Structure formats: C-alpha cells, structure tokens
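Below you will find the structure I want to go over with you.
Chain naming follows the written order as A, B, C and D, and within any one chain the residues start at number 1.
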Amino acid sequence: MELPKRVVHHIEALLTGAKYLVAKPRMTVMYPEEAQILPEGYRGMPKFNREKCRSCSLCARICPANAIKMYTVEVEGEKKKKYPGINYNRCIFCGFCVDICPAGALEFTDIHDYASYSLEDLVFKPDRFAEGPPPRPFKPKLVKPMLDEEVGLKYVPG
Amino acid sequence: MQVSEIISWLINLLFYKPEVFCPIFYPGLVTILALLIFIIWLERKIAAKVQLRYGPLYVTRKAGGILQLLADLLRYMFQEPIIPKTVDKIAFIAGPVLLFATAYVPAALLPATAEFTGLRSELSLLAVLALLTLAPIFDIIIGWGSNNKFSLIGSMREGYIVMSYEIPMFLSTLAIAMVYGSLNIVEIVEMQSRCWGILLNPIAAATFLLVALISTARFPFEIAEAETEIVMGPYTEYSGILYGLLMGASYVKFYVLSMLFALLFLGGWHPSITWLEKIHPAAPGLVVFIKALIIMVFGIFLRAVYPRFRVDQAIRVGWHLLFMLSMLSIAYSLAVIWLVG
Amino acid sequence: MKLEEVLELLKAALSGVECLIGEESGIPTVRVHPENLLEAAKKLKESGFDHVKSVTGLDYPDEGEIEVVYHVSSYTKPELTKVIVALKARVKRDSPKLTSLYGIWPSSAYLESETYDLMGVEFEGNPKQRRLLLPEDYEGIPPLRKDFKIPVEGVDAVE
Amino acid sequence: MSERTIELYIGPQHPGSGHMRFDITLDGDIIVKAEPSIGYVHRSVEKIAETKTYIQIAPLVERPSLADTVNPNLGYILALEKLLGIEAPPRAQYLRTLAAEANRIHSHFYGIGILGIMLGSSTAFMWAFADREIMIELLQMLTGARITYSYVIPGGVRRDLPVGFKEAAEKALRYLERRLKDYEKLFFENPVTVARLKGVGVLKKEDAIALGIVGPNLRASGVHYDVRRIEPYAAYDDLDFEVVVKKEGDSYARLMARVEEIKQSMRIIRQVLEKIPDGPILHEKYYKMIPPKTRKQIEETGRLKFPAAFATLKPPKGEALSRVEGARGEFLYYVVSDGSPRPYRFRMVSPSFRNVWLFAHLLPGHRLADIPAIYGSIDYFPPCADR
C-alpha cells in the first residue's frame, strides 16, 4: 500500500526537478551590473535641502539610531545656524527623519548603495548631506521588477 | 635519427600501449581530471538551474563559467593546507592521498575497448570490485586521525554505510556475472552485443545504481559529510589541496562506478563505432564514456531534488531494500539462466 | 469575559490566599507577598491558568524593591484564553529571592532564568537558572537594573 | 558523564546551529541530554528601549526578528496605543492586516527554506528564499523598504495603498498558489522529507501547553489557539480565515501547519484588498496636528508625514499589555510608562524565546541527525529569541 505511493512521489519529485531544469524562470538580478528601478517613495538615502531647513532639529530628535546630528554652521550674512548631518554608519533607513520634517527639507532618494574606504567617509556633514548621496561610479543597466503570474518576478529592462 | 626514434618509441609507449595508455589517459587519470572539473561545474549548474539561479558564471562568462572549477582547483592547490596540532599527522596527510589513489586505481583497470585494455584477466571484474572496497577504509582513517568529534562521527557513519551497501554491490555484480558466466569485464561486454545487461537483469541494474549513489555520497545519501549535522564529517579539518583530493575522490569513485555500470549493464562499447578506431584504438571506448556520463548526470541531478536521509534510514535502505533486491537479482539470474540457458 | 467577571473569578479561585486582587491599567492583577506566591500560583493553576507568558522584573530603586510580574493565561479553557492575569510579588532589592514557579508552570523556566540573568532575581528551585543571555562569566550589575546606565546621546554633533 | 557518552558542542560556529549553541550529550547516535545555550546575539532591546523615546522603539523592536518585522512592530504599537488611549481608523487597520499577512507569508517561506537546507534540500532553500522575494517586493511597494518596514505607527500606518497594488498582489498570489503545488511535489511530499520529519520530534498536546509553546508549533500539537482569533486586533475580526490546527505534533505537522497558514494568509490578503474601506490612515487627533499644506501633499502622494508631536510622545502614567500573533508565534509586550517620554520598563517576549524550551524537551531520545530536522521545523530564530 505504502510502497507504490512512495514510488509515485519519488517520480513526481524527479519530474518536478526535471521540469525546472528545462523551464525558463530565473530570479536573479545581476547586481551591480544591473540594478532595480525602485518604486516611487522608496526609502533610500535621504537628501538634505538647505534652503528649506528651519533648523527645528526634529529629524535629529526622532532618529532612532542617533544617526542624524545637528551641526552648527556659519552662514554668510546671518547668525550661526544648525543644520542636520547624517552618519551612514548608523542610519537604519527607517525614514522617520524625512517623514517628520515639517518643511520638506529632507527627501528620499532612490540610492541605497554606497561604498567607502573609511568610516569617516560615511559621516555626511550638512554640506555633503545637501549634495545628496554620491552617484554610482558606473552606470548599471536598469531593470524594473514586475510581479508576474507565470514566473513570479520579471525584470523588464527599462 | 636517434632522437626521432626515441620520440616515436615514447609515443608508441604512451599512446599505443594499453598498459600505459589506459591508466594515464583513458579511462585513467587525464580523463578523470578533466571530468572532475566538468562534472562539478555541471552539478553546480544543474542545481542552479532548478533553483532559479545562474550558478558559476563569472569565470569565462561566455562559456557559462566552465572554467570556474579550474580556478577553484588552482585555489586549492595554492591554499595553505592547515594541519592542526592535535591531529595524527601521518594519517591526516596520507589519508587523502591514499583515498584518492584507491578511488582512482580501479579506473586504470577498466577496459577501453575489447582489444585495448590495461588489465587482461579472467577476473578483472573481481579486481575492480576488490579495489573499490578499499577507499572507505581511508575515509575512516582520516576521520579518526583528525581527532575531532564531528570527523569521528562522520567516519563512523561512513563505516556503517559501507556495511550496508557492500554486500548488495557484490551480489548485484555477481548476478550479472552469473548471467554471462564470466568475471571478465571484456567478455561480459562482448556478450552484451546482443542483449544489454539491464534488460537481462533489471533488478541487478537498479540495485547497482542505488549502491553507486550510496557509496559515493550522492543525494539523498550524502550522510557522512552532512553539513548541517556534522559540519563536513571526516573532512571537517581539511583545507587546501588535501581537501581538494578528498572532494575529488568521491567523484572519481562515482566515475568508476558509472563506467562499471555502463560496461556491465548498458552494453559497454556496443553498438561499436568502428571508424573511430582509425583515429585511435581506444576511441570506440568513448561510447562507454558517454553512457557513464549520462549516469553521472542523473546522479548529480539528484542533488537538486532530494534532502538527505538519516544514517539509520540509509542503512535500512541498504539492508531492507538493497540486500533483498540483490538476493532477488541472483534468483532472477538463476531463472534467466535456467530459461535461456 | 469582562474585567469584573475576571476579578470575581480570581477572588473565588484565590480564596484563602492572602493577596490583593484588583485592576491596574485594565489588567487584572493579583499582588501577593513573596511567601504566598507559590500558593497563589497553585490556586491559579487549579482554576485553569496553565502557562506563563512572561516573567518581568521591574526595578524600583527609590523603594528599594524589585517587582516580579508573572503574566499568566490559559490555552485550554476557552473563556480564560482571552484573559491575561498579572501575578505580582515584590522582593527586596538587595537580596532578591523568590521561590521558582517551575514546579507549577514549567513554562516559566527560561523566563525566570532570563529575569535572573538580566535583573538579578534568584528563583530557588529553577533547574534552568543560569547565565542565559549574558556571557557565562559576566559579573557586575544586572543590566536591566536602573543603576546600570547606558550612555544617551544628545541631538547636537560633537565635533 | 559516564564513559558511554560523549559531549558534543554544536555551535555557535556550525553550519547547522545558527547563532546559538547546543550542549548535547550523546550515547552512540542517540541524544540523552540537550540544552540550548543562547544569547550569542543578545543586544538587550529592553534596556535600549528605556533610553529611547516611544516612537524610536518602533524600528527597534522589529530588528531582532528579521523575517517577521510587521508583527513585532504592530504588537508594540498596539501597546503604545493602549497607553495613549487611541485607536487607528478602519482603513489603517486593514492596511496593518495586509502588511502583517504578507509578512507572515514571507516569514513562513523563510522558515520552510531554512528547514529545507537543514535537511539538505538546497532546492527547497533556494526556492523558498526566491519566493519570499515576491512578498518583499509587494511590501516594498507598500512601505518603501525591503525588510524593516517600520510601517505601523501610533494611530495608523505610514502609507496608503499605492496605485496598481491590487493587481500586482493578485498576480503574486496566483503565482505563489501555483508554486506551492511544485513545492508539494518536490519537497513536502518528497518521500525523503517525509521520512525525515514524520514522527520526529513529537510534541504532545499536554507538553505544548505546560511548556507554554507558541505559534504554529502549538497549533501543530492540537491546541486551537491563535491570537488573531482569541483577541482580534487590526481587522481580523471582520475577516474570514481558519486557524490551522494539526493533531500529530511532529515535525512534519509543524511544517505543514506553516504551509497551510501561507494559504490562509493569501485568503486574508485577498479579502483585505476586496473589503478595504476608504478613509484616513491616521488617527484624527494626530492628523489634525499636521499643517493643512502638508495634509494636501499627503492626500496626493498617499505617503504620510508625521506630526511634530511624534518626536515627543508622552503617554500618561500606566501600564499596557498587548499581544499579536507573529509568524513564529505570539509576541507579548508589556510597557510601563511613568509619564516621561521614555518608557520606565519595556518588556518584549518573543515567540522564539518561548520556544527555546523545545530543544531541551524534544531532542532527547532522537538521533544526532534529527537536530536539524527538529530545529528547522520549529522555525526558531536565534536573534528573535535573544532580542
């Protein structure tokens, strides 16, 4: 009774394996040569806009990882002002800073990957924070992930 | 004059003397090394394909990463083989070398074609089998010599498994030898020109195939080195070229068993392609190689399908299923002899 | 089950045990003296509370006490599954010792061990009591005590 | 120990141990004593939480349990909402349910994959981790992050459904349904898998109750207990789903319970997308605090901006107890507030920590090779236990 059923299951398992041996789907993005196009509102590395900042320091206060700190910066023709800087050694990409900024001075970019040679290099003081995350050193082929009924995820060149 | 004579003598010795050609080129060492590189690459590729991945790719990208294993081999060659202080040095170093050697030696005795064979003997099948049973002893020795609990457990498992598969292996080969009434591989193959062994005794063929899987630790019988249980079993302490030899040994053994399967059950070099002989006397033997390759591809494909059995379950397969099957195959052979004569 | 009903049930179940039954922030709570903890637990177990969900130690350095809270509930009695009862006992901070409830609720074993490890409360008779999360050789103030301080950073950058 | 037995330390540097250690005593191949030694990834979330403001704890609690992040996040926020005395609007409740269930599928695939590789089936591992990506992609659409979403906030959720989400989700669910059949053939019903799991690590119903086991492990032992039904939170009260209960209590039942739960979660996701009501996604009290200009922007993008009050939430003095059914089991939060912006005591009991008992209880009597089978089948996650 048991044995024939087991043999059937063995054959089914082998056939399923064989099916995937000839089937097409693959779920690999050849990162970094290829990179995904990220959806709108993706919580990447935030970018700072100095003009809009009101120095309220809410971003630094809500930051759960203490990654954002307020730096005192000399501004021409004005008094000293406090601007946020970010330490990417600590950032956990929760996006609270962007969401709480009442002036819209912080916004998400779609860049989430940045490599550096030193830890100090990952500390972005207000100046660099305003420049935004450094662009990738080479241009990857961009692909857009699309959910698909047949293969699950399709990466469409875009 | 002298020099060219020496060269032609050398060429003659190396390429046209079966006693030298068989062990060194085909089906011996050179074939084995090339196959090792290819088959491990193929194993990774097949597993990757089933698993929605690409597998090795970046070394020779255009050829699908086929040279990846060459790169790995080079790495193993030049990596420092770490020899821990606590191990038994002689066993630790000699073990892998002897294991690889004993896995390889039977290959040297396999015939390439009917005329072209390294060992001419009425008992060549027996010799190959006897040599095949040597390798596991060194598995146990290195596990013991490693002085590591995981290694020890791994080699104990190997020991248990050997117990369970060796008798079916002998019995199933005996069954096919009985049908053809010979222990000479060449004779057995020659007699298969009319009817393949797998048709004459399918039970023996099935048993032998399963035994080949168990004895070379293919899935689902990858038990002695079960990674999530006992790290790498007997091979836990190994690194560098010594580890390379150990890893290679099981594939070599699998190659030998597949060749043997092709010879005993799949008609060997039949249907023979005679025009190949013009290129080289051993060339018709490629038919055997291709048959063996198919068996090997099936064996490595199983990695993508199966989890691994527990050691007691594998032993149960050995004693309850394979032992019974091998006894049956003997009975079947007797029946065939009685019926066909 | 409504809170009042739970309190009624607790009163009935714990009759004869010296304890304080009431509601604290909406959680049905039983406060007992450490000596009566075992007995109260026994009675609770008998009335259907079959497992411990959490053992929490709260440090009150000003009062010199540590409060140990057992949150108990039931898997088997359908009406009790919705209820979590807090069983609280206070021990002296300098020699915090309690009888383990392991014998009554085996589910408390590792939870008590954690409280021992991080809060320094000893549970007599718990076979699993040991350094569980901290390193085996840890010595010093149990980290969840209030006098174990970890640095808190300000908002401004220190340059 | 007698001369018959050997002691074996498996982990913390072992391919099958995860970030923990088993102290095993073996008699031949049979385990006579097993004790889990945990804490290798302990970071004391409870102590760190005492130094953080209430909103800062939300990302903190989801860090320990990486495969299952919405549930711990949601559980903590429920406790915080109890302290604050607010409740999220219906649409936010549905969105929470959606995220939690998508995350449950993702976490169960993770667990199945780990069980697969523990048994040696690299294909089950790769497949499960690939299909987990489907749910990650969906949740990325919804929340903007891949793993640690911090999606649930006091009074609501951070983002509304993006355009095209429903269609994408439907495609994903249909794909997964089809794929589950292949899993069944290749892994769940593979005779080797069955041989490895059936009858191995049987957890009796009485023992499961006495040891306080949680989650699918508890339900696989025949206890009908699911916080989503016992104490409905989010939108579970309005939704129709079955609590998966199995009688056998062995490793195979635990695996299949998870598989069934994936199917139930798919059902829930479909219902949520069908029934989700319109309305705000943040509690009125906080929504009013947002300046009108920003509010307009929120309505356009569907992405919430926080009111400034979030940085300094100060719940009144009191205690709150909350629980949710995470993918691995029940998360319990006990938060004590003394009226300051930081909790006085923060208690988080994670499902894996309560399941630690299973190692000491289930392993003895089994073979050494059963450790990975049992370990994988209980979906234990060391960081989740250590916190």
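One rule holds in what follows: a residue touches a chain if its C-beta (ideal position, glycine included) is under 8 Å from a C-beta of that chain, and two chains touch if they have at least 3 such contacts.
What you see is a predicted model, and the numbers here were worked out from it, not measured in a lab.
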* Central chain (distance from its CA mean to the mean of all protein CA atoms) -> D
* Asked: More C-beta contacts across A-D or across C-D?
  -> A-D
* Structure fact -> With centres defined as the mean of Cα atoms, the chain at greatest distance from subunit B is chain C
* Structure fact -> Rounded to the nearest Å, the gap separating the Cα centres of subunit C and subunit D is 24
* Gap in Å, rounded to a whole number, between the CA centres of subunit B and subunit A -> 49
* To do: Send over the residues of subunit A in touch with two or more other chains.
  => 13, 16-17, 20, 27, 61
* Residue numbers in subunit B touching 2 or more other chains? -> 50-53, 304-306
* Does the chain-touch network form a line, ring, star, complete graph or other? -> other
* What are all the touching pairs of chains? -> A-B, A-C, A-D, B-D, C-D
* Asked: For subunit A, which residues are in contact with subunit C within the complex?
  -> 57, 60-61, 66, 69-72, 82, 85
* Asked: What does subunit B use to touch subunit A in their complex?
  -> 46, 49-54, 301, 304-306
* If you look only at subunit D, which of its residues touch subunit C in the complex? -> 38-39, 42, 44, 46-48, 51, 82, 208-212, 218, 223, 225, 230-231, 318-321, 323, 330, 332, 334, 336, 344-345, 347, 349, 353-354, 356-357, 360, 386
* In the complex formed with subunit B, which residues of subunit A make contact? -> 13-14, 16-18, 20-21, 25-28
* Inside the complex, what are the residues of subunit A that reach subunit D? -> 6, 9-10, 12-13, 15-17, 19-20, 27, 38-43, 56, 58, 61-65, 92-96, 99-102, 104, 108, 145, 147-153
